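Each of the next two complexes has chain A plus one other chain: chain B in the first, chain C in the second.
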Partner chain A sequence: MTLNDLKWIPRGLCLGLLAFAIFGPLTNLVLWAVTERWYFPHALPLEYGFTYWAKVFSPRGNATVSLLTSVMIACLTVVVSVGLAIPAGYALARLKLPLRGVILLLLLIPQAFPNLPVYVNIARIFYQFGLNGTILGVVLVHVTHGLVYAVWIATAAFSAVDGELEEAARSIGASAMRTFVDVTLPIAAPGLLASSIFVFLESLDEFTGTYFVGAPDVSTLPLLLYTAGSGGNYQIASITALVLLVPSIAFMFVIEKFLRADVLSKVGR
Partner chain B sequence: MGGYLEVAGARVSYGELEVLKGVDLSVAKGEFVALLGSSGCGKTTLLRTIAGFHTPSHGAIRIDGRDVTREPPDRRGMALVFQSYALWPHMTVDQNIGYGLKIRRVGAGAAAARIAEVRALLGLDALGRRKPGELSGGQRQRVALGRALAINPDILLLDEPLSNLDARIRLTVRHEISALQRRLGITAVHVTHDREEAMVMADRIVILNGGEIAQVGTPQQVYNQPASDFVAAFMGAENVIDLDVLAGGETLIVAEGPHNRRAALSRQGRDLASGSAMARFRSEAISLVDARGSDGEPGPGVLQLEGVVGQVSYPGGLWRHVIHLGERTVMVDAEHCFEAGTAVHLRIRDDRLYLFPRS
Partner chain C sequence: MPVPFLGLLLVTPALLVVTLLFIVPLASSITGAFDVDGNFGIGNFQKAFELYSSDIVFTIVIVLLSSVLIGLCSIAIGGYLTLGNNPRAVSILKWLYRWPLFIPFIVVGQILRTFLAKNGLMNSMLMESGILTAAQTISFLDWRGIVIAFVWKQTPFVTLLIAGAMASLDRAMIESARNLGASRLRILVEIILPQVLPTLLVGLILSFVTMMSVLSVPLMINAQSPTMITASMAFRINAYGDYGVANALGVISLMTTSVVAWIHLRQTMREHR
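What follows is the complex of A and B.
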């Protein structure tokens, strides 16, 4: 046995640690989701079962309503964000604005400030307009956040559409609008789909803004998770977290399938 | 009224840079015109200006007497075939070809018939359901052409559509396109940097240089009667020598120089004053004779140069000689090989010699 044969040990240890760091918390989450009774000093749950799942999804539980609210808010956020990002991204990609880079950077600036003061101020302003505690208010907060991703990715998606493809349509008789609908939009669609997915996921996970603007009238899954977690109700918190994971994982596969490398490479150009 | 398509004094600038410096061009209905020039001469800009993708700062574009200078590209009744083909990757071959018909709200039955007709015309019969990504370069080129032809355009604009093809395919496609254009009677403007392509395909050639038209004429005219030194060089008369010319009436007397005999040439409409002149000629337009076997007198209307063979190579067909005339070198193609170091006489008939005043 030589020293070379032992080389796998440090590598194996590193991989093991990495795997533990990634899968450890997830395992804990899954365990808690199927636990009936589990207390110190036991290493594993004492009793397994699905009674909490039934509780979470019972008509009287808040999870179903919160889930529906979350999905509705996320969908509305996608519609508004992408609806604004399509013209904005197209203009940024096509008009060769000298300030294009500056504008894209400016869009990032709100993200540079700490979230909390921003949302507290938004909540104060929304209060004057009666937007606090309404779905519309929460959607608007999510849009301020999601628009950045949407515009960046839409700009990249439109930049990847060769201008000659549009000119080819113009030259054989298509109006500018028709060209956009028939040629530009379908070719940019995978990128736009990716940007919708990002916005959807961001909205689904968003907590701070929802908390300040929406709570307690609008309850989304992250708010439910927070309430359950801070109340020591780990089963409900874990189940909610698992439910939140589903769309994220599903969309990761979609992105992998649809988002072409040449679109990704143009992000921020 | 002039031609069917008219460009009148068109000037186009990109910012500070003026790319077209006042171009006048008239194309008759059914004519095939080639815009020929090296890269950066403004030929593509001129084509795109005709198509409507650039607006001239001065001048006008007219089709059949109608001023279209300010009209958007989709209202000009033209179709542009791009160098990159610009096929829409998300549409099949049929959808690409049929798009112009869809825009024109042609009924489904009539459109399908027209698409089938265009496909048959271009030999794309089996490929209707393919996407552009699944086609070879030559097939894409034909789809791009078919997409333009499907709408029966008044004017077909071709932006170097052959330059991305293999050399062998290019030769056949050349003939296919010009045969098609003649058969359908379409007015066509073709941009190319390939001299031979322009010569073979076009009824008339427009040679552009630095944003201006250097010469317009039939292939024979621009080849045999170049209007300027630039055109002569561009059309392949690469050999250049200096001569002293005495102009008088119908004859031009070339004074004896260090490497040439005195010669009397006929004027043949050349606009030339007495003084220093530049002479250009093609490497194949010369008869080469050994100086020792030469009978001395080249005969009337023939210019004789005297030089020494520097290098010989065989590119195929004819022997190519590099000949030193003092400091100048010229290329001469001959049927027989003259070895390096041989003293030779170069005889050029005056109709093959292009003379321009030295600028």
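What follows is the complex of A and C.
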């Protein structure tokens, strides 16, 4: 046996450690979600079962209400953010803009500064308008957060559309609007779809803004997770976390199918 | 309609939302920090430093340490993805590293809280396998837990960015360096890294800002003092309704990030012109 034959050992060890670091915590979450009884010093749960699932998803349970609220808020956020991002992204990618530098700066600032001080003051401003604790208030906060990403992804998606196709459509007599609807939009659609999914997930997972603006009247899944977890109710917290986890991981696996590498490389820049 | 005005018309709604719901509250966090009972003053800052100076130091140390670790891990993973000889190991790594990419911080907080606790699954497994005894187990639910949570969650994001940049590099230079007998580590440090440095910097800056904004992780993992200033701000508001000191802490976190934000804004603006 030569030294070369043993080279797989450090490689395997490193991959094993990484797998442990990633899947260890995830396994722990799944275990907690199906645990009936589990206490120290037992390494594994003493009893498995789904009674907590029944409790969480009972018609009168908090989770069902929170899940519906979360999904409704996320859908509204997607409609508003993407509705604003499509025209803005198209203008940034295709049209000559006066004050381009100022516009870019305004759209970059939310990424460059921490948003917690902003949420604190939004909550204070919303309070004066009676928006605190309302669905509308929470949607507005999520839109601000999602919009910036949506604009950048939309800009990248429109930039990746071949301009010659648009010119060809125009030269055979299509109007600007028709060219946009029949040529540009379908080609940019996968990128726009990815941006919608991304905004949806960001809204579904958002904690800080909802905590300041929505709580305690509007309860979303992340707020329910937080309350259950701080009450020491790890089963309910883990079940809620699992519900949030599944769409996130699914998106991670499909993102490259939606966003080609050239679009992906422009996101967040 | 002339084209410049059409463009302006199309971006205006989005700009209005960003201005009203981000720029205005951002400005009012700064004015609010200097507002002491309706008068201009620096009382809030004095109080913030008096009560929370250890939290400020704690925050900066944790975020810097996490950024360094995230940078090192993502260079290592990205480097192996680009230079790895074993195709199977590369594809396993590619599949493996991305799992935490879109997992929300609140979920990361919950799963690491149960995993890293003194009687959590990690210690149980180490005890079962005979590596530790019950007396040797320690809880990681302090500053180490926060750093682990940040590195766990943000490494895939930075890796995704720099692995993309590494993949689009010119392979000819790497191959010729290899043919001349340069080791892979040397190729990574001397040829690849300098070329992907701008991307790495963008990724790390976005992570830095994200970590400065996260409230759920310090609340869930480190429920003791000192803690991160995000948690102190939330406490100041929920317990005392004290927006002055909370805003002063907010301005301190804005100033901390403004250094890196400035680098980011300058570089991105240059690329978009």
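Following the convention adopted for this analysis, the second predicted complex is superposed on the first by the 243 of 269 C-alpha atoms of A that agree within 3 Å, B and C clash if a C-alpha of one lies under 4 Å from a C-alpha of the other, contacts with A are read in each partner's own complex, and residues count from 1 in each chain.
The criterion applied here is as follows: a contact is a pair of C-beta atoms (placed from the backbone, for glycine too) under 8 Å apart; a residue touches a chain by one contact, two chains touch by 3 or more.
The structure presented is a predicted model; accordingly, all values stated were derived computationally and were not measured.
Q: Based on the shared chain A superposition, would you classify chain B and chain C as clashing or fitting together?
A: The answer is fit.
Q: When the two structures are overlaid on chain A, which partner does A:135 contact: first (chain B), second (chain C), both, or neither?
A: neither
Q: For A:162, decide between first (touching chain B), second (touching chain C), both and neither.
A: The answer is first: A:162 touches chain B but not chain C.
Q: Check the contacts made with chain A and report whether chain B or chain C touches more of its residues.
A: C
Q: Output check: A:72 vs chain B and chain C. Expected answer is one of first, second, both, neither. What do you get?
A: Neither partner.
Q: Taking the superposition on A as described, I'd like to know which of chain B and chain C A:122 touches: first, second, both or neither.
A: The second partner, chain C, only.
Q: With the two structures laid over each other on chain A, which partner does A:114 touch: chain B (first), chain C (second), both, or neither?
A: second
Q: Now for A:27: first (chain B), second (chain C), both, or neither, which partner does it touch?
A: second
Q: Between chain B and chain C, what minimal C-alpha to C-alpha distance in angstrom results from the superposition?
A: 12
Q: Which chain C residues qualify as touching chain A in the complex?
A: For this pair, the touching residues of chain C are 3-4, 6-8, 10-11, 13-15, 17-19, 21-26, 28-29, 32, 86, 89, 92-93, 96-107, 109-115, 119-122, 124-125, 127-128, 134, 152, 161, 164-165, 167-168, 202, 205-206, 209, 212-216, 219-220, 230, 233-234, 237, 243, 246-247, 249-251, 253-254, 257-258, 261, 264-265, 268-269, 271-273.
Q: Provide the residue numbers of chain A that touch chain B in the complex, in ascending order.
A: Checking each residue of chain A against chain B gives 162, 164-165, 167-176, 178, 182-183, 186-187.
Q: Given the complex with chain A, which residues does chain B contribute to the contact?
A: Those in contact with chain A are residues 51-53, 72-74, 78-80, 82, 84, 86-90, 99-100, 103-104, 144, 147-148, 151, 153, 157.
Q: State the interface residues of chain A toward chain C in the complex, per the touch definition above.
A: Per the touch definition, chain A meets chain C at residues 8, 11, 15, 18-19, 21-29, 31-32, 40-44, 84-85, 87-88, 90-92, 95-101, 103-122, 124-125, 140-141, 143-144, 147-148, 151, 201, 204-205, 207-208, 211-212, 222, 225-226, 229-230, 234, 237-238, 241, 244-245, 248-249, 251-252, 261, 264-265, 268-269.
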